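A short write-up of the structure that comes next.
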Amino acid sequence: MLLVILAPLLCAAVAFVVPSGRRRPLALLAGAAAHAAGVARLVAAPSAPGPRDWLGVDALSKIALLTTTVLFLAAAVYAQGYLARRSDRPNRMFVGGLLVLLGAMSAVALSRHLGLTWVAMDAATLATAPLIYFNHNARSLEATWKYLLIGSLGIALALLGTFFLALSGAAPGGPRSLFVDELVAAGPALSRPWVRAAFVFLLVGYGTKMGLAPLHAWKPDAYGEAPGLLGALLAGGLTNFAFLSIVRVFQVTRAAGEDAFARDALVGLGLFSIALSAVFVVGQKDFKRMLAYSSVEHMGILALGLGLGGAAAAGAFFHSMNNGFTKGVVFLSAGNIHRAFGSKSTDDVRGAARRLPLSGPLFLAGFLAVTGSPPFAPFFSEFAILNGAFAGGRFLVGALFLAFLAVIFVGMGTTVLAVVQGEPSRPAEPGTRDSWLTAAPPLALMLIVLALGLFLPAGLRALFGDAAALVGGGW
Amino acid sequence: MASSTDLVFILVVVIDLFLLASSRLGAAIRTVAIQGALLALLPLLLVREEHALGHAVVLAMGALAVKGIVIPRMMFSAIREASIRREMEPILGFVPSMVVGGAGIALAFAFSSRLPLPEPAHAFLVPTALSTVWAGLLLIVSRKKAVNQVLGFLVLENGVFVFGLLLSEVMPLMVEAGVLLDLFAAVFVMGIVMFHINREFASLDTEKLSALKD
Amino acid sequence: MLLRTLFHLALLVALPPLLLGVVNRTKAIFAGRVGPPLLQPYLDLAKLLRKGAVYSRTTTWVFRAGPVIGLAAVASAGLLLAMGGAPAAVSFAGDFVLFAYLLGLARFFTALAALDTGSSFEGMGAAREVTFASLAEPALFLCLLVLARATGTWSLSGMLGEGLPGAWGGAAPALLLAAISLFVIALAENARIPVDDPNTHLELTMIHEVMVLDHGGPDLALILYGAALKLFLFAAILSRLVLGGSGSAAVSEVLFLAGLFVFAIGVGVVESVMARLRMIRVPQLLVGASVLSAFALVLLLR
């Protein structure tokens, strides 16, 4: 278990020390491989977490770790090509930071103590902030500052929420600790007003990291200015772990009996996020910012699924895996397009399909997947959530969900089609043609997304069911 | 003994009000340092059992070192680098800031007695914590100079720290140490970013950071 | 009891110019000068009373009435004030409201007299003075309410009387905040640095001084004496609040007198150490004092 956390950190240390900029990206591959090996062992060998264990594996961690390790592997391969092309920039911070991020995210997944979860989330935030500044221009600096400040604010509020939760456990008969298992076991003994207050603050705090509206202000800037590689890891990885932290808190809230309130809050915030992203995605000229709003939408879908419960909860966990992979596809291919045309605005970029025979169509396919078109996997996960809504009698919620999805499809479609179709508008930047290193990873992820849609392995399906059972749902 | 603890809590709240009203950056940083030092006193004043004394001493020394010495020094080097001395009129003016902050503080003190505390704690602890969190939030949201926003973040963390003192038995020392370390790391990273901002924009006025919008 | 009241009335009449002298002497010592003798204000008053007065043709009876009503109002307020722990000459429930408004009445007529001259400088000074006063008044009331709540009475004699030293035991933080706030209000109401500089000779920077620019002779004497009296009133409140001791009457009186001089020295020190605030910052200072006293009140109300 420790291998999964420590191996990336070790590789990060190596990356900081290695003097050669050309060899350094190999550390990424090494870290990704070690991580993948560790995760494979963890998933294969079932071990229920014992009480008072700081680290442990359960269904939620398995889902998050599986998604992340595949995503990071793809990103590591992509990084070989990307960093070779961007040899003008020193990449010590970038490579090291990405590996630290992987280690921190693994710690969040495996943590059974809410204090450790908080420390790891904070470490992840701080490790990624300097990476947004990779392009070293005024816009990315502005994005970095907003990310850092709003992220730190969210983390500070999450800390206050964690303290509230600890206080709720200090009631007579309570567990007096922050171990998730003990808090869930103590259930009704927890002090309810404090649990409620804790949930609010933790939802706001970790929701800021997730990028739920109205706490998403940093997302368009950060994802818009960061390199596509980082955007993929943040949108597909870190936000999933913020979601995971919220699910753990939801477990405790549910055990304490406050889940009606929590569910309402989650459904409300989820719908609001989807609605807001629908508004901002229409007419968005910058296609990377558009992807950021798409991330807001998907976080809203996750919150909605969790809040609805039942089959929708299982659908939400399926969706978290799909979101990881599809975001990888769109961000990596968008990064390729951005570099090939030297701009990320639809004013300048046209005909990506012709200039980049792999990345262009991948971007289009990714768009179809992200907006929930069959036969890609997100269609099935979103359908499961919608089904859960109608089955639970929440017809208005389901109808609104459908309406917003439709608006987003049209809004994103105009931008993506404008970018992909037509004749290339500008002469190509030198050295930006599709290479295997930069186009194969998104292609591989896309194939995974397609495969998951066509055929969901029974093992995975059971895993989603188990995860949903932890929060009172299930297929 | 009880009245000196009272005085420390009240002083923390008065410092919050002063920060909401002050426009001189040097004075503000020094005041936050004083607040940090005061907070370092609190674990020692609040300890009730013998065996918790060691824990309290470690926490107090850590808080004093990080909040009272290291972080203010980092902030001072940031403003020296940028050679700024004053905040211009913030988004929420000084007088409205004071009034809104004061209203929040009044509400915190008036209604905290209604919150069910599972174990007996000093009557001023929760209201002081909530007031300081509120003041920090106001500072982050309404100030324009990046340094002031970081000071707001520090004040917010101070408020959370005060609240954490309620839980000295529940929380293991490692988590509290992790909290202090994260605070240090956060301010360190912020300092570096501010250095870059100053180099890029020749000022620490976040009004200049408004190119990205929809 | 009657003896004490007579003693306090004598103090009220005779002591105020001495306090002014102490303030000026403290400032001189800080500046490294020898400074005027402590009894100089008495000599100034005597000199002014011997002079004649010149009245402009644009002024009316209001201009002549201003100084007179100003002094009368402040002196009446002095009758309401409890000094040294003994009850005041006149006291009833709610007399602190009358106290505050008598001071307001004095300021009102001074401002009217200033406007009556028809000069723009005086008008400007009057406008500034009443603006700052409107911000200082809520602060003053909040402080008095803190005192009322702490001692459980509605009369100044009770608030500053026997119950006050005992109230410190339970309400110490609130009373301390109220004392700080009262000190700031005292500086504002008496036109001291950091709100106004009494020694400036530039009319554009004056607030209080410019309102009385056109008065001369006996009128100026009345105004000067009234200002000293107002300073004395605030000194008395603060002295009793901070240094009030219980016990024998003699101890209370001695502490009270000592407190008066400590206050005067304190004002002198503040005037020497600080610079005057920019006018935009004065409302912030006064609102800060209000918020502090409001916080003190909340502490007592919970």
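Order of writing sets the chain letters: A, B and C. Residues in each chain are counted from 1.
Assume a residue touches a chain if its C-beta (ideal position, glycine included) is under 8 Å from a C-beta of that chain, and two chains touch if they have at least 3 such contacts.
Computed from a predicted structure; not experimentally measured.
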Original post:
Measuring between mean CA coordinates, which chain is farthest from chain A?
Top reply: C
Original post:
Across the interfaces B-C and A-B, which one involves more C-beta pairs in contact?
Top reply: A-B
**OP:** Report, in whole Å, the distance between the mean C-alpha point of chain A and the mean C-alpha point of chain C.
**Re:** 65
Original post:
Hey, how far is the Cα centre of chain B from the one of chain C, in Å?
Top reply: 37
Original post:
Between chain A and chain B, what's the gap in Å when you average each chain's C-alpha atoms?
Top reply: 31
Original post:
Where does chain A touch two or more other chains at once, residue-wise?
Top reply: none
Original post:
What residues in chain C touch two or more of the other chains?
Top reply: none
Subject >> chain B-facing residues of chain C, complex >> reply: 172-173, 176-177, 283-284, 287-288, 291-292, 294-295, 298-299, 301-302
Subject >> Residue ranges of chain A in contact with chain B within the complex >> reply: 113, 115-116, 118-119, 122-123, 126, 129-130, 133, 138-139, 141-146, 148-149, 152-153, 155-156, 159-160, 163, 166-172, 174, 176-178, 191, 193-194, 220-221, 224-225, 280, 284, 289
Subject >> Footprint of chain A on chain B - complex, ascending >> reply: 115-119, 133, 136-137, 140, 146, 149-150, 153, 156-157, 159-160, 163-164, 166-167, 169-172, 174-175, 178-179, 182, 185-186, 189-190, 192-193, 196-197, 200-201, 206, 209-212, 214
Original post:
Hey, which residues of chain B end up touching chain C in the complex?
Top reply: 3, 6-7, 10, 13-14, 17-18, 21, 94-95, 98-99, 101-102, 105-106, 109-110, 112-113
